[in-house]
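Following this line, the structures themselves.
There are two complexes below, and they share subunit A, which is joined by subunit B in the first and by subunit C in the second.
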Partner chain A sequence: MKKRLTILKHEGVQSTLAALFCILVGLFIGFLVLLAINPSGAVEAILTIIKNFFNYPSAAAAKKYLGNTLVKTAPLLMCALSINFCYKVGLFNIGTAGQYVVGAGASLYAALALKLSWPVCVLFAIVAGGVWGAIVGFLKAYANVNEVISGIMLNWIGLYLVNMLLSGVKEQSSPYTTAISSVNGSALLPSLGLDKLFSNNKYVTVAIPLSVIIAILVWVVMNMTKFGYELKATGFNKAAAKYAGMNEKRNTVLTLMIGGAFAGLGAAFLYLTGYEQWATTQSSVPAMGFNGIAATFLGGLNPIGTIFSSYFIQHITSGGSYLDKGVYPSQISDLISAIIIYLCGFVLFFKYVLNRSLAVKKGGVKK
Partner chain B sequence: MTLLIQYTLIFASVLILVALGGCFAEHSGVINLGLEGVMVMGALGGALTMKAMAGAPAALIVLVVLLTAALSGLIYTILLGVACINFKADQTLVGTAMNILSTAAATVIVKAVNMAENPDNVSSTVQYMESKRAFIVRMGRFEFNWFMLVAFVALVISFILLYKTRFGLRLMACGENPQAADSVGINVYVMRWSGVLISGFLGGIGGIVYITAGVSEWKFETGVAGFGFLALAVMIFGQWKPINIGLAALLFGLFRALSNVYSGFDWLAALNIPGTIYNMMPYLISLLVLAFTSRNSRAPKAEGIPYDKGSR
Partner chain C sequence: MEQSYAIEMLGITKRFPGIIANDNITLQVKRGEIHALLGENGAGKSTLMSVLFGLYQAEEGVIKKDGKEVKITNPNVANDLGIGMVHQHFKLVQCFTVLDNIILGVETTKNGFLQKKEARRKILELSDKYGLKVDPDAKIEDITVGMQQRTEILKMLYRENEVLIFDEPTAVLTPQEIKELMQIMKNLAKEGKSILFISHKLNEIMEVADRCSVLRRGKYIGTVNIADTNKEELSRMMVGRDVQLEIDKKEAKPGEVILDVQHMTVASKVHHNNAVKDVSFRVRAGEIVCIAGIDGNGQTELVYGLTGLEPVAGGNVTLCGKDITHASIRKTSQEMSHIPEDRQKHGLVLDYSLENNMVLQRYYTPEFVNKFGFLKKKNIREYAERLIEQFDVRSGQGPVTITRSMSGGNQQKAIIARELDKKPKLLVAVQPTRGLDVGAIEHIHRQLVEQRDQGRAVLLVSLELEEVLNVSDRILVMYEGEIVGELDPKKTTVEELGLYMAGAKRERVEA
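== the complex of A and B ==
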């Protein structure tokens, strides 16, 4: 009994428990919605979402589509890291979505119009995302503009700019940008043989291992370096950080710049695989940046936890696309992720209650 | 020119309603970043009612649609109230979750409704062409919309409510210094709940006004395109004061209207600026305005901080 209590006190255990709780409740509410739409197929439908690529009977096909889910997990993980990194410094980077958009625009423009090779295209995406993030940071640090509102404004400005920029390199008969493979194969990310592991899924590239490595690096920087400590201190108490000789304004700009660069890189990780083409008539900001919020909080604000939660969010999002479209809308998955984010708001309260009840129990033992 | 005035007024009405909503929530001490989502829910409730009521008497349509839109918004903000007032959750996180949730939920609901009617119709679009006429009164070339009056009335009532009544002054006290308010017997939780619910009520109406402003059908997958956040920018520019919010809304409404009607002006069309630039304009302007006005912001002092009776 006593041992179980000490396990419960561990931060990581608490976060995992809370995440599992949010997932279960989210899936349950999703199930209720499916029941309300059409009761007869609801059980099958929720299983379809949870199974995702396991819906394919052959192992080879399942592996191939596991690859596809991973291809989309890499950019999601980068967006989640962007939000996670900024949140640790006390900044809510909802502008991740826009930083992702300009990253996509810059990398595709470099690949299709300038015909550059992939490392340069990736660099373009990083710089574009970084600049977009730095604007938010600059406005926050020097003009006291709420980063959430400026972030949203920049999301839309970015979307319109990128649509305009990329309409010069789109296919003649469709609103989509031309396929990278047909114009400039050197811009595609190398796969280093990883595609062989997933039944020759050519979209599986270095992006996937790289995103995981970056997640681990973020954890190391935030927990083991002076730089990470300074950033966290700035987030915890601006005035104290300033008093201790840290440049809190510079830290704010720097944080959002790095966060933006992560999101931009995430876009390059998706669009430079050729998996998706940009539709220049898009009238809404891609959901990737917003799903990143779900992944961040579900991962207990821990970069390592975020790796798993990003995979989970992408897993159910991909699973949603296998639903019978004549009966259920595939946005059920978005609904489930949104409910999960909402529930994450209660997690701090959940931890607080848990810790307090643990403390009371401990006190009781002493008596 | 008439068209420009008409669109400016209708978009300003949206901004006034939603910004006033934000203003009530923030004066009570809660930041409602979920206004975007509240608008979507209000729009959803209103649009479905309009669709169902096609053919009913005009006055009845106006009343019922207003009421359902307002109630949809109000019910949706309960999510914010429970999480942020009773459970002290992070207001930014919960607001964001509400925005994402609203678009997903509205899309699912509309698709389910459409599919129930016709299995082949898997779009997320609601049409309300016929009922929309109930709101419009033609005055020569100018189309007066009842929503403009609603927004104006809301503005006047808000001003009186905030500055001339006991309720309003108490509400503002809870956003400035909740501990002090509590010490003189004001129930901070009740006040914050009132502020949040009023914001849902007004935001919900704002939502239906927005989607009926220029078009006769709405695709719910797009949500409301950041308009809830534009309204928050209007609120900040208006320094959390109803009259200033009204003026700020007119300015922002003008820029939003330009993107609808710029092609009707010879000299604007002659400049040959791509339409995308006009679409971008409201967001760009609000960013600039915020950059210059946020430094001396008169935001309620205790906004965004959950009230805890025990802390000092």
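== the complex of A and C ==
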């Protein structure tokens, strides 16, 4: 009994429980919405979303589509890490979406127009995202411009710049950029045999393990290094960081630059697999950066937790695409993740209730 | 004689999760007396007053007003019963006049229009009767803190309150204002009002109170007649052991100049004038120099300028012969320790563990970080454990306690431990004892003197006159951003110091 209570007190366990709770309630409300739209198929529809690639009867096909979900998880995880990293330093990097966009633009331009090989394309993405983040950082540190405002504005600037830049390398008959495989195969990320594990899904590349490794690295840096100590101190209390002689302005720029680099890298992780092509006519910022917010909070603001939450959000998003479009809009999975984000606000509340009931129990034991 | 008590709180018990804030406390206030309530921080004074004022409900015990049992379920009930309170932080509308503030909430109206004439007459009458000098038409933001406080008192009188609670009323006043307040309180008592005076300043209690009830750690210790007691007994009752009120210290032996400030000017963040104007002074090794003054006369900005938290607009600061006017905090903090005024804002990262806070200015040294940038957690733990032990910092879980959960006194001790362990050339201590109780104050004062005796220069900024006179070797008085006087604590008096602090007296001070 006592042991179980101590486990429940553990921060990580509490976050996990809270996240699971949010997921369950989110799915339930999503189910209610499905019921409202069309009661007869609601049960099947929610199961379709949850099942995602298991909807395919053969194991090989299921594996292949699991691969697809993972391909899109990698960039989502990178965006989530971008937000997570900045959030720990007290900055809300809503500009992740724009940093992701310029990362996509830079890597595709390097691959299609400059015909460079993949490591250089990746570097282009990192630098572009980093610069985009650093602009926000500079404005924040030296001109006291709120990072949310400048981030959102840069999202749009980035989007239209990239549309302009990439319209030179698009297919003639469509707004989409040329397929990398047809122009410059050397720009595609190597799969190192990982594709074999997923029924020869050629989109499965090093991006997936790399993103997980980066998540672990973020955790290590934040919790075990001097750099992480400084950044977290700055995030918790800027005045105390200044008092302690930390260079809080430099740290602000650095943080947003690193966050931007993560987002840029995330874009390279998707577009350099050839899984998606950039539509040069798109007039909204890709949702990836914003979904990263959901993944971060659902992951309990922990980089390791973010690995799982990113997968989950991508899982239901992919699952949503299998719905009968004639009956249900595929946005239903967006709705579910939106509900989950809202519920993430309750994570703290949930922890509070848990801790209070634990405290009461403890008091009872004492007597 | 039951009837002679204006307020009786009998057997009050109030529990919060984990602690008993008030454990069977009895407080009986006679009509027309000044009753002091004495206790350390966290002794339960505020909780008890909150119960009386209807902010909390006690689990056990009864409250009687004029011998009749009453249930005070919220502050409105308390008001109706004639219980009024002057809070430590005044509750006044800054841009309203004194008159408007007094009648706020109990305005007389006629057809929806305010009838101020009658109110003005009543206020002037009350003000005359009790010697509460106010200008009814002045705006709160333009008047002195003392007058604001008198406004608060008039507010209670205007509502015809019988029981007046003063929550640490002297903390913000000059010595002259304190004297006036004491007189006002005596006048009020003479007119039959009952006064509850919450304080931990023994001098004031001895001067003004008739009786004194003492609380310690949530328990009722006793009530004594002031005429039959002395400061030593009161402090013993409050702390539970003998406390040395006056600090023994040897003659200072000032050595070479450690800190040399010349014509320093620091801009203000709140107004266009400079907060610190052309200030020059020196602090030598082996002496404690105290900057005295009423809060808000530029002391805060002076320290910000010295320590590098705010840029210096003009002049020079030299530390150990090196110009540090525009040096980085990291550089100056090597030889200067700073116990900041606001411990929660600057001194600590509250969400960090105690051990992480102990290395807040040292985490980057080879002792705590290896060449790959990884923290040496074992060293940090050991270092924190040593400081915790040495400075008796108490916390729930030792080094891993989240600092936010610690008491204010222990947070302060943690900062002091960290700053003194740096063995600095110069120690800048800003209100190091603010909000602490007698026992902790005694401890900190002793440490300041110890630092001095080890040959360090100490710059103490304090608002507490007793501290100023007791601890320092030299006093500099600041008024409106300037140093207006240099005094010898052995020769000056509280009155003289007060005149300088209020700007009524000044001399040219050359560093």
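The rule we apply is simple: the second predicted complex is superposed on the first by the 367 of 367 C-alpha atoms of A that agree within 3 Å, B and C clash if a C-alpha of one lies under 4 Å from a C-alpha of the other, contacts with A are read in each partner's own complex, and residues count from 1 in each chain.
Everything that follows uses one rule, which is that a residue touches a chain if its C-beta (ideal position, glycine included) is under 8 Å from a C-beta of that chain, and two chains touch if they have at least 3 such contacts.
The structure presented is a predicted model; accordingly, all values stated were derived computationally and were not measured.
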Joint occupancy of subunit A by subunit B and subunit C, clash or fit: fit
Touched partner set for A:251, first subunit B, second subunit C, both or neither: neither
After the two structures are overlaid on chain A, angle v-u-w for subunit B, subunit A, subunit C in degrees (C-alpha centres, nearest 10): 70
Superposition-derived comparison: subunit B or subunit C, residues of subunit A touched: B
Partner chain in contact with A:224 - subunit B first, subunit C second, else both or neither: second
First (subunit B), second (subunit C), both or neither touched by A:143: first
Which superposed partner A:191 touches (first subunit B, second subunit C, both, neither): neither
Which of subunit B and subunit C A:68 touches, first, second, both or neither: neither
Subunit B versus subunit C as contact partner of A:82, first or second or both or neither: neither
Touched partner set for A:107, first subunit B, second subunit C, both or neither: neither
Smallest distance from any CA atom of subunit C to any CA atom of subunit B, in Å, after fitting: 6
Parts of subunit C lying in touch with subunit A, wherever the complex brings them together: 17-18, 307, 309, 328-331, 333, 338, 340, 345-352, 356, 360-361, 363-364, 369, 373-375, 377
In the complex, subunit A residues that touch subunit C: 224-227, 229-230, 232-233, 236-237, 239-247, 359-360, 363
Residues of subunit A that touch subunit B when the two form their complex: 33, 36-37, 92, 94, 139, 143-146, 148-150, 152-157, 160-161, 163-164, 283-284, 290, 293-294, 297, 325-327, 329, 331-332, 334-335, 337-339, 341-342, 344-346, 348-349
Residues of subunit B defined as touching subunit A within the complex: 33, 79, 83-84, 87-90, 92-94, 96-98, 100-101, 103-105, 107-108, 111-112, 115, 119, 122, 124, 221-223, 225-226, 229, 232-233, 236, 274, 276-277, 279-280, 283-284, 286-287, 290-292, 294-295, 297
